[in-house]
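So, here come the structures, one by one.
In the two complexes that follow, subunit A is the common piece, with subunit B as its partner first and subunit C second.
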Partner chain A sequence: MKAALTSALAVLAMLLGWEALVRGKAVSPDLLAPPSAVLEALLRHPDILLDQGLSTARETALGFLLACLFGAALGAALSSAALLRRVAMPWVLALQIVPKMALAPLFVVWLGVGAPCRLAFAVFIAFFPVLIGTTAGLAGTDSGALRLCRVLGAGWWQTVLRVRLPYAVPQLLAGMKTAATMALLGVVIGEFVTAQQGLGYVVMFAASLGETALVLAAITLLCGIGVALYGGVLLLELAFARWYGAPMPAGEFG
Partner chain B sequence: MSGATLAAPARLPWLPLAIGVLVLLAWDSAVRFAHVPQVLLPSPGSVASSLWQAAPVLARHALATGGAACGAFLVAVAAGMVLAAVMMLSPLLNRLLYPNLLLFQLLPKVALGPLFVVWLGIGLPSLFAFAVFVSVFPVAVGTLAGLRAADPNQLRMCRAAGGNAWQAFWHVRLPTSMPYVFAGAKVAATMAFTGATVGEFISANAGLGYMVMQAQARSDTPLIFAALAVLCLLGAALYGAVGLAETAARRRWGTRR
Partner chain C sequence: MPEAPTLVADAIRFDAVGKTFPTRPVPLRAVESVSFTVRRGEFVAILGPSGCGKSTLLMMAAGLEVPSEGRLERGGVELVGPHRQTGVMFQDATLLPWLSVLDNVLFPATIRRIPRAKVLDQAMRLIGTVGLKGFEGARPHELSGGMRQRAAICRALVLDPDLILMDEPFSALDAITRDEMGDVLLDLWQHTQKSAIFVTHSIREAVLLADRVLVMSRRPATVAEELVVPFPRPRAPALADSAEFGAVVAHLRGVIARNMA
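What follows is the complex of A and B.
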């Protein structure tokens, strides 16, 4: 509780210092709008921000869900087939290394400047963490538990449901947390390169007009979307921990 | 990542390479026989010839992007480590900075790109600052986690032997933090290239990201592929260099953890 209070105070101090810097004319408000101006911009353009924000939120949520689905399915497939894993895993890892976000313009070429392009790009960059999390989780099953299953005569399906899945879920959730951030980033970068709609477009447009207050207002909303999605995954993690009764190891991205 | 299934094999991975060649052949024949338009999917051959023809231009832009990204990476690693060290050594600064660091972690940092253009104008300074900004956080968070992961027994031992706080930091905390620092640096390597390229997407007058946007406007898809291939190669090279540095550091200072 005390730690939370000091954290809140530290953030508040940062905001106040920022406001004071701009008020004291140390920084021009055109370059960095003070928090009060950001709040004002949020209240002044509710219709634009809400419209564009909803569009971004919708695409992010959908992209995240699809990424989780694809990532988990592909991860399960890779884990169950050794040959497939040997063939595909080096490529998956190689794709981890390259700056994937730079591939956004290709999606514009393939899918045009509409929502499908942004959605596909968000899924493309968000599904890797889920895939990695799923494979790592499924590979990390306690071998003793698996042997116990065999001794007790559990079927394949039972083993998966009762043993492999509970062991895999914490890693999967860790991957999903990263995916939540990546899906939002994917949509925003997609909005940068398609320049059609969404908060990313608002950021670009307002920045080109020098309206830093509006830029920061849009970024605040983006933060809100990101926190909401991340919080959703955290709730899922909490629910899972309660369901299985045991404290599961938290993810490495926590 | 755990276990043998995820670790990259040490010897040459023949099977994946063979599959890669097969995919390339399938791609080529699909484009040739199914008449996929060049704009949508250029054949590997036309990408290669585009790569060859545009080589001088590509090299110039690659130098701009690679230089900005590598420079930003080095600055980010140094700044991230210093930030983490300062936060480790001063509890007050830690209390002030850590919540703000977490706040920035929540922020979609790449979305701040256009602001850097407002602040520093179009060109290298804004690009560089943006790339540093997006890549400094993984290093800072990783280093901080590493510095805090020091073995309490070793710290007690250091104190018992008469070591002061600085010696404990230098001889115990820093060595144990190395694997964490390198993990953060690997993420930063990718992020530096991401930052540089996204910065070039937003606005630039040079660099591979700029070139990609230009090629996209002209629907010159083979050139997009060529530029992206160079970019991916550069990004992978920096990542590989960090990996090599990690191996060298481990060999030099022995395996701790």
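What follows is the complex of A and C.
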């Protein structure tokens, strides 16, 4: 509680310092709008920002969900079939090495400038940590526990549900936390390249007009979306930790 | 319909069982023509040098490894996989960290889809016998190593198997806890007619617990010597302090030394 108070005070002090710097003409308000101007911009264009913010939030949430489903499904498939792993893993890794932003324009060519393009790009950029979390988690299952399952004659589904999954979830959640930030990044990049809607588009548009206050207002909202999504995964993790009731193995992306 | 042979037959029978692992570059011969029988209600301990193939032997008895040659009979019927009436204990307790002690003990029932209510009494009784009363709701990380092994004993016994296989179940414990656990097992076996194969490196444990001790040769493992433990049951832990007990231990130590040479 006390730590939170200290942090909050530090943030407040920084905002005040920033305001003072700009007011004191140490920094031009055209280059960096003061917090008061950002707040004003937020209040001046509430409907635009809300509209565009909702679009970004919707697409981020959907992109994140799809990335989780796709990453987990592909991860599970790769874990269960050695042949598939041998065939698919080089491609998956190659895709990771390609600077993914550079592929964004291609997505426009393939999918046009609408929501499908932004969603697909978000999924493309966010699924990998979920995939790695899933495979690492499934591979990390205690071998003794698996032997116990065999001794007891547990079926494939029982082993997955009762043993493999609980062992894999901490890693999966760690992957999902990374994916949450990546999904937002993917949508914003998508908004940059499709230039149709969303807060990313507002940022581009306002920056081209030199409206730094509006740029910062949009970024503030982007932060809000990111925090909400990340917080959602944290809540999920908290709920799981409660059920787990024991120290969890730390995830690789924690 | 033929009568179920389990009532009369031996608990488990090794008949010229051998095992070769297809390792590279040369295949590894782990077990060489092992034949022995564990009768119903008999407690057999296996002693032998490290790496000789004792665990392999036990894995085959558990139905987790297939013999390369020879035949395994369980209750008079050829053994082809894990057997429902066999309980197994390994060196580590391998409790599931997210389950309470009680749920871990009941895990075999969960897997076999046996209603909890049916085995709850048995589970609670076992938990009491091994001295874990009051820890039913605790998670494994809150237990000491010895307590975890106690829980693992309960889990191995909860479905009332007629044969229990134990592979150095106490070797991860300190000497004092280890002796304690030996006493727990001894106590459990005063009241049961269960058969057991118990792999250990401790001659004291073997002599205290077993009706018969098999000494294995170096790899590939085969039965080098067999000793019938001359102490009647019920046995008290204090037996281990007697001179007769010391003599049997010393004799066995000699046998093992001869085999290692």
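By definition in this document, the second predicted complex is superposed on the first by the 247 of 254 C-alpha atoms of A that agree within 3 Å, B and C clash if a C-alpha of one lies under 4 Å from a C-alpha of the other, contacts with A are read in each partner's own complex, and residues count from 1 in each chain.
Basically, a contact is a pair of C-beta atoms (placed from the backbone, for glycine too) under 8 Å apart; a residue touches a chain by one contact, two chains touch by 3 or more.
Note that the structure is a prediction, hence the values are computed from the model and not measured.
A.B. asks: Quick check on the superposition: with subunit A as the shared anchor, is it clash or fit for subunit B versus subunit C?
C.D. replies: Verdict on subunit A: subunit B and subunit C fit.
A.B. asks: For the three-chain arrangement built by superposition, which of subunit B and subunit C touches the greater number of subunit A residues?
C.D. replies: In the superposed model, B touches more residues of subunit A.
A.B. asks: What is the contact status of A:V188 with respect to subunit B (first) and subunit C (second): first, second, both, or neither?
C.D. replies: first
A.B. asks: Quick one: classify A:A10 as touching subunit B (first), subunit C (second), both or neither.
C.D. replies: A:A10 sits against subunit B, while subunit C stays out of touch.
A.B. asks: Contacts for A:A26 in the overlay, against subunit B (first) and subunit C (second): which applies, first, second, both or neither?
C.D. replies: neither
A.B. asks: Using the touch definition from the top, say if A:A145 reaches subunit B (first), subunit C (second), both or neither.
C.D. replies: In the superposed model, A:A145 contacts subunit C only, not subunit B.
A.B. asks: How far apart, in whole Å, are the nearest Cα atoms of subunit B and subunit C in the superposition?
C.D. replies: 19
A.B. asks: Counting contacts the way the document defines them, which residues of subunit A are shared by the two interfaces, the one with subunit B and the one with subunit C?
C.D. replies: Shared contact residues on subunit A (touching subunit B in one complex, subunit C in the other): none at all.
A.B. asks: Show me the residue ranges of subunit C that touch subunit A in the complex, using the header's touch definition.
C.D. replies: Those residues of subunit C that touch subunit A are 62-64, 81-82, 84, 86, 88, 90, 92, 94, 96-98, 107-108, 110-112, 139-141.
A.B. asks: Where on subunit B is subunit A touching in the complex?
C.D. replies: 1-3, 5-6, 8-9, 13, 15-16, 19-20, 39-40, 95-100, 102-103, 106-108, 110-115, 117-119, 190, 193-194, 197-198, 201-202, 208-209, 212-213, 216, 219, 221, 224-225, 228, 231-232, 235-236, 239-240
A.B. asks: Going by the contact rule set out above, which residues of subunit A touch subunit C in the complex?
C.D. replies: 142, 144-145, 147-154, 158, 162-163, 166, 243-247
A.B. asks: Within their complex, state which residues of subunit A touch subunit B.
C.D. replies: Residues 6-8, 10-11, 13-14, 31-32, 79, 85-91, 93-94, 97-106, 108-110, 132, 135-136, 139-140, 181, 184-185, 188-189, 192-193, 199-200, 203-204, 206-208, 210, 212, 215-216, 218-219, 222-223, 226-227, 230.
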